[in-house]
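One chain, chain A, appears in both complexes that follow, with chain B as partner in the first and chain C in the second.
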Partner chain A sequence: MIWRIAKKEFLLNVMTFKFAVATVACVVLTAVFTPILAKDYEQRLRTYRDNVARNEAELQRVKVYMNIVPTIYRPPSVLSVFSEGLEKRISDSVTIEVDQVPELRAAATHGNPYQSIFPVFDISLVSRIVISVLALLVAYDAISGERERGTLKLMLSNTTRRHQVLLAKLLAGLLVLVIPITMVFIVVLILLLSFPMVDLARPEWARIGLMYFASLIFVSAMYNVGLLLSCLTRKSAIALVLGLFLWILFAAVVPNGSVYLAAQMRPLEPREEIDGRMMSLKHEYDAELNKSKPPQSDGGSQSGARDAFGRGYDRLLDKTAMEYRQKSYRVEYPLKIRYADKYSEVERRYLDSLWEQKNLADSISRISPIPLYGSVMSTLAGTDLAAFRHFMKRVRTHRAEIVEYIRSETEDFSSPLLFTRCTQEEMAEYEEMLKKFIMLMKQAKSQAEIAALAETIKEWVEKRMTETPSLDLQDCPRFASMTGDLGELRQTIPAFSLLLFINLTFFALSFAAFMTYDVR
Partner chain B sequence: MIELKDLTKRYEDGVLALDHVSYTVPPGEIFCLLGANGAGKTTTVNILLDFIRPTEGQAFINGHDCNKFPLEAKKYVSYVSENVQLYGMFTARQNLRFFAELGGRKGLKNQELDDVMRSVGLPEKALTMRLKNFSKGMRQKLGIAIALIKDPLAIIMDEPTSGLDPKSANEFLGQLHKLRERDKAILMTTHDIFRAKQIADRVGIMKQGRLVAMREKVDFKHADLEEIYLTEMAAAESMA
Partner chain C sequence: MIRQIINKEVLEDILSLRFLLSLLLTVSLFAASGVMFASSYAAQLKDYSEKTNENLAALREQSGKLYQLAFYKQKVYKKPRLLTCCAEGFEKSLPNCVRFDAFTSDLPEVQNEGNFSVPHFSDIDWVFITSLILSFVALVFTYDSICGEREQGTLRLMLAGTIPRHEVLLGKYCAAMCTLGIPLCIGLLISLIIVVSSKDVAVSPGEWLKTLTIVFLSFLYLSIFVLLGLFVSSRTAHSANSMVILLLVWVGLVILMPSFGRIVSDVFSQSPTQVDLRRKLDEASKRISDNADTFGENATSVSSDVNSPINNPPAHAKYGTAMMNARNQVIEEHHRKMLAQVFTGRSFTCFSPVVTYRRASEAIAGSGLSHCVSLRQQIRQYQDDLKEYIRNEDAKDPNSLHLIFPEESCARNWRTISHRPVAFGAVPKFQEREARLGESMQLAIWDIGLLAVFNVVFFAMAFVSFLRYDVR
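On to the complex of A and B.
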């Protein structure tokens, strides 16, 4: 009996104009926007690969340990085509520095400028807007429409039970809505896989499968909302108006209202106060540094030698300069590391309260299935804030490894290799040359003689600068990019459960309403 | 057989829609319930189909209590309602097949469905036509076909001729004759005294939930049923 009614309902729905329009709209939007998003992904992937290669090449050229300042890049998520999330709104690169602990920051605008002008319809947005409206349009007259047509009485004048009618309606509604969702997923996959740089590994396929499942549960929830309204009203027009009102509430009012409410309930410390605290820490650092640093001493050095990552270093030093720097860095580096942690603590406290506020807003917005589904999709696509926090956490761990590596390789920042490649012999020779030069100047020798010596020194320095080998950084820690860890998908379990709960609740309410529905 | 025993219905708002109504419609009889709006005709139908529960009394179809064992009772009854629209996007045949299956007639061939539709006077071209293109009369005929295809013992009709043009109404009465010949117990509610006189074997006159009069065919065959109706209504009013 259920199947018979469901079949009728399914056929009637797929023959409607609204179904045709919504399905065509879904396919057209997907077909138009997927290539744009995929092309953008390819461009970002290319940039990412270039950056990673350049970074590694730079690392191979490093001459002194203090210049190990690699930049870590976050690989673009191929699944951003399904849900763009924060992919382009948060910076995907961070430089590892001894005096700074990396934190999340907003991205500078880059990528396809077209996308910042027009809204981009990723799969998540297509489902949230078009398919969710279709779900309401399919459901609003499921019961009240049958009553108006007189067919509900006719159906129930047979041996049909009410729960059979309702279950059939649910089944048919889901079967109808599976069509546009499946078509959207098929179209996006066909288009996506036609891009040569797109390579979907097993974890990505698993995530896409879960996204498909989430989309089904989401539209089912929206259908159940419509079904409840249909069971609560005697006129389908009223159910439609209420449905559209609820949709606006779910899609616009709840997400924006939850952000406002969260900001009121958990206000952030003003940014000026954070900046003020940072400034006073900086003053504290300067004071401590001045106190513990050895007194400035005159010494000779040959700066301007070019190193990797756009940095320079002192290639040759005399004994005074060498000793001064050694003493100075031995004090300065641990202080820098300690203060980096202090700055980070201040910044992190602010970011943590921001994160808590965001979590509160998310929790409030979960009363609506639309933002709830959006958050599931961005988590599955790896484009949500949690994914970026996870990335940043790994970057911080990597920074700690790099700092530890430099510390161990430079004997607690006291080795000359931290800042120079000048050997003892070179230092003595350099000093000798400088002395000879000064003496020549004092003796007021001929300009030609002085120039000849200057030329000799210059040649000698240039030879050392060009012939300096790079450090052997084979054992320097490298940042391993994430490889689609499925473990983090556990985060989606509560949201999935909530979507299922919304389904069950609305269906149970529909059931209760329909059992006492006046079919007359 | 349709049987009502002391059937009473008082709605939540206190309105007494049926007041101890009892009668029986045996097989092969057309029983017409006459009465003004709010007399309790449709309430009777709704109780028989278990759409609402009686406050007191019982209603039976083929001996099965309509409210205690509704699914049993519904096996033996078909319903023709006023102004049923059915599914406009389906053809007449699709509509008929769907309701036939709900009525337990599975696996019917197109030929069998078409025969039933022809028997109620639907033109040949209408059989595969979408219902959105049907006139009201054609829809009503399909409604009767839906009732017939179940081949029930009893048929309940709620204002079936309402809104039909005279030709369609006449054709409809022809169908009722055929059903009576097939021994169906038919309960029909109507405002239409003229049609009731033409077709009914018995009429019941209702006023404010009470069955104020019952007349056999012999009582009104040669008399003016409208006059009887008005007289009974006036008598009921003066008694109240």
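On to the complex of A and C.
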């Protein structure tokens, strides 16, 4: 019996005007915007690949260990087409440095800051807005509409049980709503796969599957909300008005208000105070460094050369400079590493307060299924905060590896390879030459002679500069790009269960309401 | 007769559930927006005055030597505007701080962005409530105004009398505007009372006028949706269908359209990056330094002794000025491109009345993008004033070389600009000025026109469809 009612309901609904318009709107929107979003993804992927290649090339050219400062780039997520999340709001590159622990940063300095006046558009917006409205529109007259037409009376005067009717209505509504969702996903996938650079691996398929599932549960939650209103009211027009007001609360007021409330309940410390604390730590560092560093000795000559990553290093040094540097770096590097942890502690505490605020905003907005669904989608797409924090954690591990690598290769930062490639012989020769030059100057020989010597020295130095081989960094740890880790999807379980809970509650409530519904 | 129709319609509407719901929703939102604004505005003002004083104190220290005034990098923040309670315009996520000296100004930066991990929403301001909630309420009031009466059969009765159709339509339109006006006006009043009664707020006559203009704009905007509702209602036979169409149109116009802006702006122009800017700056510098000879002999040499024969101060001044101009031009170009990109996105989405309405109210309130643009203009003006002042003061010092160009080391070592102390009171100070109503109207006039055009078009469409409506 259930099946027969459901079939009838399904056919009635599918042939309605609202269904046709909403489905066509969804399909057209996805068909128009998926290629644009996919192109944008391709562009970002290209930039990412270029950057990674450039970074690797630079790494091959590094001459001294101190200049191993690679930049780690975050690969763009293909699923950001579905849900953009924070993808463009968080900086996509971090530089690995000894004196800084990498942390998440806003991307405001890149690109165009004025663009923040535009809201984000992604495919989940279509299901979040258009399909959720459709769900309400399908549901609002499910019961009260039949009462108005008088068919409910007829139906229930037979042997059909009330729960059968309600279950059939639920089934029919879901079947109807599955169609636009499925079409949206199919259109997106077809269009996405037609782009040569888009490559969906197995974990991504799993995520897309879960997204599809999440969309179904979400839409069914919205349908159940509508069904409850329909069971509570006697006129379908009233159910519709109530439903739409509820929808606007869910879609516009709750997400906006939750952010505001969270900001009021957990105010942030002003950034200036954090910066001030950082500054005082830096002063502390300078003071400590001055205390433990060997006193600057007089004299000492060096010739600098260019290195990879836009840095420089001292290619040739005389003995004084060499010894001074060796001694000072030996104390400076451990100090830098220690202070990097201290800076990061301050920064981390600030960031933690940001995350707390964000989590609070999220929890407040959970009273509405629409933002809840949005957060599930961004988690599934790997564009939510947790994904970026996870990435950052791996970058931090990578930094620790690099620092450890430099430490072990340079014998606790005491080897000259840390800052120079000057060998003992070169050092002696360099010193000899400089001495000779100074002698010559003192003896006040002719200008021509001095110039000739200067020329020889210059040639000798330049030869060393250009002929220095790069370090062999074969065993230097490389950052492995994200593996398809599905473990983090466990975080979506609470949100999923909450969505299911909303479904069940509203269905139970409509059940209770329908049992006592006056069909006259 | 019109009055009777209006009377009946308004009474009917006011007694309905939807009116109660919309009244509750809008009034509570307006009240919330007033409270939220009043609390944040006081904090913003305090913050702003602290930062401005800091900047002035630092500037005062520089007034010991005239040349230092020219080279001191001032840091100016956007002044919080009172009218952001009407139209906030994403002030919080837009760049809010500019550093500049007398010669160049950097690109505007976003300072104290707040929490970057939560989505940037516009504050719940008047524009938000009107554009999102009330426009929706307008549709809820009008979706069944024609076809609903047809379904009940009352339309037939009414038109069987001597009432001409246009009077019915006008009556319905006026009635819907009246019923909408009630929650809007009550809400606005409550919000205004909360804002005005909080301390730190002083409303100038100009601001009252601007507020009135924004209220007028809101009515103009809502009237579009009322007419849209009437139009669709008189095109359909069943009120359910009319609701569906209106809802989808509303979702398209109000929610989806504005978010196309970013996509459009990305598609039509690549956003200029910092890397591009740096490359272009380098190119410009290189171009000038390669042609250094054209400025005179030894134009580039800067040995610390001014009398040394290898120096040529006037030529170097020309060289420095040319370099500054070239670099400024690049920065300006970059900034212009960024703005142009956003403006393109906005212009493409102005088919949606929300975008038009928001843009117009921001222009009137002096917030949002128009605030950024006007701040930059005012800074440029101020830079000219400051330079003029320095030139005049410098002219009084016989020891100076009277070469005003942007190189601090030269000013220090060569005395190209006077080293005399100046009276700080006479130094021009940057003070952000709010645009007068006339000026902001000029910015908003196109959008107001566009809103009026929307009104006329929808009215004509509603009128024609109703004249041909089959009342059976």
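FYI, the second predicted complex is superposed on the first by the 499 of 520 C-alpha atoms of A that agree within 3 Å, B and C clash if a C-alpha of one lies under 4 Å from a C-alpha of the other, contacts with A are read in each partner's own complex, and residues count from 1 in each chain.
One rule holds for everything that comes next: a contact is a pair of C-beta atoms (placed from the backbone, for glycine too) under 8 Å apart; a residue touches a chain by one contact, two chains touch by 3 or more.
Only a predicted model underlies this, so the values are computations on that prediction, with no experimental measurement involved.
Of the two partner chains, chain B is the only one touched by A:R161; chain C is not. If you count the residues of chain A touched by chain B and by chain C, you find the higher number for C. By the document's definition of touching, neither partner reaches A:A480: not chain B, not chain C.
When the shared chain is aligned, chain C comes close enough to touch A:L244, but chain B does not. Of the two partner chains placed by superposition, only chain C is touched by A:I129; chain B is not. By the touch criterion defined above, A:M1 lies against chain B but remains apart from chain C after alignment on the C-alpha atoms of chain A.
Judged by the touch definition given at the top, the superposed model places A:I493 against neither chain B nor chain C.
Once the two complexes are laid over each other on the shared chain, residue contacts for A:T151 go to chain B alone; chain C is not touched. When the two structures are aligned on the shared chain, A:A448 is found in touch with neither chain B nor chain C. No residue of chain A lies in contact with both chain B in one complex and chain C in the other. Touching chain C in their complex are the following residues of chain A: 17-18, 21-22, 25, 29, 33, 36-37, 40, 86, 89-90, 106-121, 125, 129-130, 133, 137, 141, 236-238, 240-242, 244-245, 248-249, 251-253, 255-257, 259-260, 262-263, 268, 270-272, 354-355, 357-358, 361, 385. Interface residues of chain A, counted against chain B in their complex, comprise 1, 4-5, 8, 11-12, 15-16, 148-151, 153-161, 518-520.
Of all the residues in chain C, the ones that touch chain A in their complex are 17-18, 21-22, 25, 29, 32, 36, 89-90, 93-95, 108-124, 128, 132-133, 136, 140, 144, 239-241, 243-245, 247-248, 251-252, 255-256, 258-263, 265-267, 271-274, 338-339, 341-342, 345-346, 368-369, 372. Residues 42, 46, 49-52, 71, 74-75, 77-79, 81-87, 89-90, 98-99, 101-104, 146, 150, 156 of chain B are the ones that touch chain A when the two sit in their complex.
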